[in-house]
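Just below sit the structures, each encoded as structure tokens.
Two complexes, one shared chain (chain A), two partners (chain B, chain C).
Presenting the complex of A and B:
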């Protein structure tokens, strides 16, 4: 890789951190975090304060359908606004992480409203104790209906949730028996929703008639709970769901499983989850760092990540640009770069749809295993969608973020002309310190040279800078985080 | 005239039905108006994914259905982002569209007559017309909400004057929404993001402002509409608090309503026709025990409650119609 000429090491490291914990960074954001130093930047990420995203009242006033959030374009776009405009992008990255691991789909659940409530729960509990998170997840109405726990009765057990909490959510295949699955399911009998017969009927009929959807409310039905003795992972007692979660959380398999997911999402692409029983982690040392932090900090997910981000493994040059951006990362990152969505606009629906076209429907994961990620994100069709979306999004010099880039370039140079090489350096720097290979660099410089010298203070210069930015976001390297 | 007895709201019944593809019912309705012949007009803004519900529906207090007109689009008489309706002289219907930046007129047969408006911040231009009301001279007041002002026009669309600017001071607005002219000629404006109601003389001179941010009795969270009856009682759609508050003309708190809808005839007919839903609904508790306190969340989980109460209309001066965007219906209350 060639590095742009005006690189400072700390800036590159901070840019790496912000790509992984967020969606990349504008130059303003990069400078703000870099001024804090690496540890200070981590402090700010973990304690972001007010998200200060586009206010909900404005969204609801202009998009009536985002009041009830019933259908996928409405609920997905409601989340899209938050991701694009938040000043706490790490919260959204964490929510995306758990959305992928605890994959729940609106295709079955039907109600976008309860899906958005689940995402809000991920924001609130996603960096805290894994025990508390699993309890919240087990009480989450969208999860209950997604895995049929409303049909899990003391006299007629449904194993669906009991199985998936072990297999997909907390431990992984090979760390429990079929008997454990049954006992686990028994412990979660009675964990249901209020008005279950009517709510499940409305879900099945999928209609807003007569008066729209009624959002679901968790309810514990003690009369339907199996309070009998159970043996689970070697322990015996009259376990309820919380007891089962206690046993899960103290099992060493649990942090190893979660650490591997965290590594895949925040550090580097791992093997697909179905291969995990047969393949060792790509970086066992990284996994162990997170496992140790988990047990040393009361099962804290935040502590696992903080330890990971502080490690040389995460900071290493080889870790940077080692992940393929998910569609949501491409779309949200590019919209944030361009400074979109300062005000409600129908374009939000196009952005949400673009994620779907690229293979990642928000609130609609591909299966109960979420999205595989990695190379799976890239196909001929999805690549065209990625490039077209990114290029279109940065193609307007009047957008706030693009204008900011143009102004910065103008400020860096004496009034007059900017040399092609310097222009390419500036643009790569200002899109988030993107590092490109020699071939790409040569192509960008050749394009800049063909455009002729640029005076960034003129409309002609702004247009040329914008064209160069469009080419940069179409590059192979822009697909990497 | 205000008396010593507090004004209260007595629930009567509910009119509505979710109609995402049009037909009898509403889809994300945003405004309601009563014509001189007591026909009730409901404006459906509809939403992404099913814009076929966009249009204006006509009903009456007995739940009669008198059809619908207009549709989503940019042509004459069509709608993109509808915000408000009001009846003008000769019962012509005026419609505001905040995306097309125009006011459209329909005749008494609901046929398109004409429209006017263009985007901008100059005199006679709009940036988001969002509330309509006629004064007793027959002129139209338009809330030009992103320009933070009220504009006045003749019924034919000729600009007369305007008042207001952005801010939080007297006579200033922060994205105002609904507007109404009281029987005594006073203008009431729902000063949406300032969480207050402002009153003005007929000429647009500031009288007073009432309200503050919050969920207390003298507070609002994004009020969207106001209605005033012949006795001077003031009804406020407290949009994000999901309630209607009532005050006397001196702003003395009277009552607050959270909503108590049951199945109206159209809804009951649907339930009767769907055996599985009817059977499942027999055990339905409309007021489940909740673990949330945000009013929007509470309303989302409690079917009888107002969910996004956006607009109000008085019917024969003794009934209040409360229109709810997210439940596709209006609840009818007697004002007693």
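Presenting the complex of A and C:
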């Protein structure tokens, strides 16, 4: 007896796509996307429709701290809840991508609301034109404060933002000079926070009640803008920030740099960013595909990714499970699998804390360089956290997602004992078509056998299936996306 | 068969910025009274020390250790061009790299020198969730323990028998097979190291016997864990503990006093325990915070500052004052903060070279003036 539909559709390929563009998939989601075929699945991912997120006013009503967002765990949890419940996980994956590249931390910005707004901006502009995204970023109050652009004045230039937009956000080391940094910083003078003296005072005495915190707002202060002539990347003119962004965006170094980031996030682990000036990309052809799409589509990030996902490089067997999951991917993916929380309860905060313990504090990156990713995520301490979080999360047969797995196994077999090999196959299939090595497979089967007979329609059987799922999400293979 | 125990270093991190002025209080100084209108330790509360300074009223247990000449107070500790961001400043202390973003933790590098092959996975033990950057270095195993009593892998498994079976299966599925690739091998080794660490550490509470009652607060309980692991003689050389909540922008006087009571009584219990087991001489403790706080108060608390205070505690320590209290003259302040007058990398050098017997230069990135807090230097 089998309930598998869409015979002929490559479930493994769709599962791969959904791991990369989201946080993996439940069986229901997998079948829904598989029914569309690969191209159709891509269409749906790029045009997701309603994310079906709980409206912000409701979230705030149900959880006072989610209204205040006083500390990084508050705003991080605000985002965590969205990631676990959204029907459009690709939006969140894109937001995570830009959060990693444009790493901004609430530790310095202080204010949660502007952090959340920055993430919302990534959702809105993250797949569009890179030019528009950089303009939005340069006007983003959290970014301005994070890199001190409110202190970048006509008569006293602060180079922080001017440097990082070139080094970390758009081009990478080696593609500009120190002189370009200075000229770039000059062009962004006057891009500041509205009413800064008042806001500084206000922030010192900021209180929640009666009116709530005041969010920083962007303002262009023409009187503090250096309108003089600048020479930037070989061009000369009375450049403002938009002109600088134009010059950045048409420079071939820019899409190469962004493509390498996209590859690192969506395709396979790259070298850590600081090594990029010294190491060639792992797959130059993949980079070129994205660079070409960038120039052919008005600097569109979405077009770069769409071209990548359509390529044989992305679909190849060797690309699957070629990335180490970030803490957020482990946490969100496992919570979505288990069908956890409907409401922003304290469990959301625990999930956010779990990411922090694994080394990824949402909205609190260690530095402006974001997270290195790759095997940098893995240490003895973080492994304990990853394994225990995942195995705890799937350890309750009453959770919606776990129950659904057990019911599906029961439906696939006649009443009575399910053979260990078949049970392991089913479980690997139902956690999102996890592929494991022979050694792991043998170990899982041996464990299933040692547990004794499993009848999926009984409580005893449900408990044993749950234990097997706990072991599966503790495996090495589950660490990979 | 009492063998000579190796020296161990225990870190107590005060996260959030311990207010130096209200910790080691210049209570007789009129400039202190002028600056601290609303957030002051008064004459009748302060615990007087020598030389015109006093301790926070929460530090009475700490005073006992001080009177036993076990406590070195290092005044005005900091680093050039101070950062007032918690995260950045803590990062600087963790990586001993103020001028750029450091990649490796100072203690992670120390552990690599102590155990180059990574043969003992519990050479460093952190009490708390997650790994402080101080302990992070590529390839260096560190056990990170939330609660020693239930520390381990697959703690969410329902029955004890099921968990045993699962752990044995875990060990099997993490054993790297032939040709499984670098990433899988690395995951396998790290997972097995974690399992091994948990197996070793869970012995510690079982072996532990003591008459000492530790106070029921997180830092004291973490110090109890340190004692348990240290007594079990598992070869651990570096222990890390964290006390949180020191970011006293509001309600400082009450908060800081309570926090110091927790830390002080925890440390007192720890020393009683060490004495009971005759294992005190091998232990040195570093207490530090990422920065001190603003000289002028904000009415109810204080904001982020720079120059601060650290403590080195132990039987091997020459108690007393080291370096100097920074001037409270308004003209000598830096942007309203106490100027640092001793680079923390010098203190790290003391601890690395003269306590753990390691090469410090590479770790702290140069030569820094030391304070020599130990009765007998190793080298």
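Simple rule for what comes next: the second predicted complex is superposed on the first by the 454 of 481 C-alpha atoms of A that agree within 3 Å, B and C clash if a C-alpha of one lies under 4 Å from a C-alpha of the other, contacts with A are read in each partner's own complex, and residues count from 1 in each chain.
Just so we're on the same page, contacts are C-beta pairs under 8 Å (C-beta built on N, C-alpha and C of every residue); 3 or more make two chains touch, one makes a residue touch a chain.
These figures come from a predicted structure and were not determined experimentally.
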{"item": "Which superposed partner A:63 touches (first chain B, second chain C, both, neither)", "value": "first"}
{"item": "Contacts of A:479 with chain B and chain C, given as first, second, both or neither", "value": "second"}
{"item": "Partner chain(s) touched by A:387 [first = chain B, second = chain C, both, neither]", "value": "second"}
{"item": "Touch count on chain A, higher of chain B and chain C", "value": "C"}
{"item": "Partner chain(s) touched by A:353 [first = chain B, second = chain C, both, neither]", "value": "second"}
{"item": "Touching partner for A:135 - first (chain B), second (chain C), both, neither", "value": "neither"}
{"item": "Partner chain in contact with A:313 - chain B first, chain C second, else both or neither", "value": "neither"}
{"item": "Shared contact residues on chain A - chain B and chain C", "value": "204"}
{"item": "Of chain A, residues touching chain B in the complex", "value": "57, 60-68, 71-74, 77, 113, 117, 194-195, 197-198, 200-202, 204-205, 207-212, 214-219, 346, 349"}
{"item": "Chain A residues touching chain C - in the complex, by the definition given at the top", "value": "105, 107-108, 204, 269, 324, 353, 356-359, 364, 366-367, 369, 375, 378-385, 387-388, 391-393, 395, 437-440, 442-444, 446-447, 450-451, 463, 466-467, 470-471, 474-476, 479-480"}
{"item": "Complex interface listing, chain B residues touching chain A", "value": "16-18, 20, 28, 30, 45-50, 81, 177, 192-193, 222, 240, 261, 263, 266-267, 270-271, 274, 276-277, 279-281, 283-285, 288-291, 296-297, 300-303, 307-308, 325-329"}
{"item": "Chain C - residues contacting chain A, complex", "value": "85-88, 91, 101, 121, 126, 129-131, 133, 136, 141-144, 153-158, 162, 165-166, 169-170, 172-175, 177, 180, 183-184, 186-188, 190-191, 193-194, 197-198, 298, 303"}
